[in-house]
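What follows are several structures.
Below are two complexes that have chain A in common, paired first with chain B and then with chain C.
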Partner chain A sequence: MRYQFQFEAVFAEADRILNGVLLTIGLSFGAIVLGLALAVLLVAAKSLFGRWVGMLVDAYVELMRNTPFLVQLFMMFFGLPLIGIRMSGTEAALLAMTLNLGAYATEIIRAGVDSIHRSQIEAGLSLAMTKRQVFQYVVLMPALARVWPALSSQFVLMLLASSICSFISVPELSGTAAIIEQNTFRSFETYIVVTLIYLALALSLKVSLLWLGRRIFPRLSSLDRLDAKAEAA
Partner chain B sequence: MPAVLIEDVHKSYGSLEVLKGVSLAVEPGQVVALIGRSGSGKSTLLRCINGLEAFQSGRIEVAGHAVDQDQKRLRELRKDVGIVFQSYNLFPHLTVGQNIMLSPRITKNVPQAEALALAKDVLAQVGLSDKFDSYPDNLSGGQQQRVAIARSLAMKPKVMLFDEVTSALDPELTGEVLLVMEKLARDGMTMLLVTHEMNFARTVANTTVFMHQGKIWESGSSAQLFAEPQTPELRNFVGAGRH
Partner chain C sequence: MVTFGWPEALFIFRAAGWTLLLTAIAFLIGGLMGGVLAILRLSRIKLLRRFAAGYILVIQSIPVLMVLFMSYYGLSLFGIELPPFLAASASLAIYVSAYLAEIWRGSIESVPFQQWEASASLAHSPAQTYRYVILPQAIRISLPPTVGFLVQLVKNTSIVSVVGFVELSRAGQLVNNATFQPFQIFTLVAAIYFAICFPLSRLSRHLEKVMNASRPH
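Let's turn to the complex of A and B:
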């Protein structure tokens, strides 16, 4: 028995697919921007404030990194309404993705901050900067530059994990696929198309982030050389 | 009143006593060289003066500021006391100009135009006017160190501390940095410098201080101290440097 591929029915749903793609891009972009901002703030808080703040940040990071994304999503969507916080599925998805990515990004950026040589911090302090100014002007950019590749991978993983949001009926790409599959009974064709779109999205994101990294951190490759020199001195 | 006054300072790392009662006074406009073997406590003493290290007992006053660990007071002190390190410590993501303007802009709220003029001025002082837009990693070690000096000067310090600023440099690059420091000394900057350049200490420093095992072992006018070392340790140290 040979399977007869029939893509026409799937292509007929192109408009729907396009909307799904746009929502996937929108959710991912939103989560990346918000998650990154959240992570920077949390790492700053951890570096600048006392032990208790640090422990709170750690607790959040561990909570998010050691529970399934699907469960986090359900907590936002089904749990929060019970305490009076009502959100649409898309809003819940964005919140869950932001909090999840924020935790992973916090861990990555913290490693970047830790990798900045103590002498850089002392140089900033010696120039009469406050600790906050040292973090903001001296430590942050080189730290982000150092971990940009790791952050980029995490962003791509988040893009792919956004497919889980279809579980709460968010009509992003995977959610849309489920609908098309029901309408057309063409599961294989639907998911072949969806697979190719995810692949294209993920690769595009990866390339964009690489390009962005080169634009924002033009000295990226020089950092390690400078560190080696500081170490040798 | 001395620009730097150090009275019976004791400093330990855990159970290791690194400074064992150091006293020293540096008058305004004076250049004092700190010499001594590696591990004798020279860097630690400099770092105590600008509060990078806390000390257990004794007293330090510099440029009219008493050193303690109150962060706000320390920042006021550091506006008046520059330090240059062996490893330059320029900020790699900023251009030379940005490196120099950053702290005046954010710690003293110097307006942009004024900071720009200031940066150009101090860069000219160290002979690097053409490097304003370069990044640190495109400069030689000697140039980086001169930028680091310029960056400190942009804070208009009353006292400058130098910790072996030529030790990481290739021999052919030390000259340009020493020249900048010599000019600063001639212009009347109060300087306390740790150095292995005995020639520089002898010719530029008014006073040379020999540290040994966490103490000031011997000190005096540079000419005298090098010509007639009194202790066997200093004789040994100076002699070893000659060979």
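Let's turn to the complex of A and C:
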């Protein structure tokens, strides 16, 4: 069978695609900023407060990491209205993405915090810093610098997972794809175009996060490299 | 109106079986593809290395949902009408192959290079080196991340509901459409996923500890 590719119909919907791209970028950016903030707060709570807080944080992390994002999305969208919290699809999507990414980022940052040598913390305490000050000034930034690559990969995975928000009719990129497909009956062409856009988005996000990491942690990452060299020697 | 009761719960439990089956098939086929890709990725021939690296980069940079749509609609263009179950397994296998290939490549590379030299000095062929020296060690190293990835796979099977295949998430949706009791239903669905995934997560973490403890330094 010969198939005639017709991309014109898809390109005619460029405006719609652009809106979808913007919403995908907006959702991902929002989830990255909010999720990162949430994770830093949770890790801080875990290392500053007692065992009970730690166990609560662990429970949240395990719950999020061991259930599908799709089910979490359904919980926010269908479940929350029952207890009076009514949200639009886009708001539910942002909430689900934030909570999901927050859990993964908590786990990653905690690993970074664990990797900070005890002597650093003792040094901070011996300077009469409070535990909170030690966490804020001594532990947090080096920990973030160390796990930045892992965090970046998680951010990219979240960008890709945002496509699932189309399941609750959020008009982000894959949601628009579904609409365009219904309008044009050009399924394959639509998904080729949209897939290429996702590819471009994911690769640009990856590159900009690398660049950002070098900008935010220039001194710290070079120190780490020195550490690695010293260990290798 | 239908309320959420035993028949509905049973329907959801049965669908969990499909989730497990889908996971097993995707893991087996994807694992085979991933193994080949990992070896291509480390091949001495530049073209093969490039091909494998490109495939992995592309698949890891697009949503699984798009892989699913492309294989579902793409193949039907060539007159191949894939039943949803096949389209679902095929696209999940493609997704699995890219991630396992990277995990396994990393594991093979983390076998110390002296092992390659030692094997070569025993006049082993590359195939023999892999079989008797490198793979036994690499498989041990790869076990924790592979089990960890299995958790991702179980969760990601949820998206194949979009091509009409009734697995756990789709079953939850269907029951919800009939009963409008989302909290009970999706709590049950989430609990089943959790019951599958949590032991795997724990196993992965346990294996990681065991592996680290057995390291000489």
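Going forward, the second predicted complex is superposed on the first by the 219 of 233 C-alpha atoms of A that agree within 3 Å, B and C clash if a C-alpha of one lies under 4 Å from a C-alpha of the other, contacts with A are read in each partner's own complex, and residues count from 1 in each chain.
Basically, contacts are C-beta pairs under 8 Å (C-beta built on N, C-alpha and C of every residue); 3 or more make two chains touch, one makes a residue touch a chain.
What you see is a predicted model, and the numbers here were worked out from it, not measured in a lab.
Within the superposed three-chain model, A:Phe217 lies in touch with chain B and out of touch with chain C [touch as defined at top].
In the superposed model, A:Tyr137 makes contact with chain B only, not with chain C.
Shared-chain residue A:Ser119: touches chain B; no touch with chain C. After overlaying the two complexes on the shared chain, residue contacts for A:Leu82 are found with chain C alone; chain B is out of touch. Between chain B and chain C, more residues of chain A are touched by C. In the superposed model, A:Tyr191 makes contact with chain C only, not with chain B. Once the two complexes are laid over each other on the shared chain, residue contacts for A:Leu70 go to chain C alone; chain B is not touched. When the two structures are aligned on the shared chain, A:Leu22 is found in touch with neither chain B nor chain C. Contacts of A:Leu127 after superposition: chain B is touched, whereas chain C is not reached. Touching chain B in their complex are the following residues of chain A: 119-120, 122-131, 133, 137-138, 141-142, 145, 217, 219, 222-223, 225-226, 229-230, 232-233. Across the complex, chain C is touched by residues 1, 3, 62-63, 65-72, 74-75, 78-79, 82, 156, 160-161, 163-164, 166-167, 174, 177, 187-188, 191-192, 194-195, 198-199, 202-203, 206 of chain A.
Contacts from chain B toward chain A in the complex involve residues 50, 52, 71, 75-76, 78-79, 82-83, 85-87, 89-93, 102-103, 106-108, 135-137, 141, 151-152, 155, 167-168.
Only residues 58, 61-66, 69-70, 73-74, 77-79, 151, 155-156, 158-159, 161-162, 169, 172-173, 176, 182-183, 186, 189-190, 193-194, 197-198, 201 of chain C touch chain A when the two sit together in their complex.
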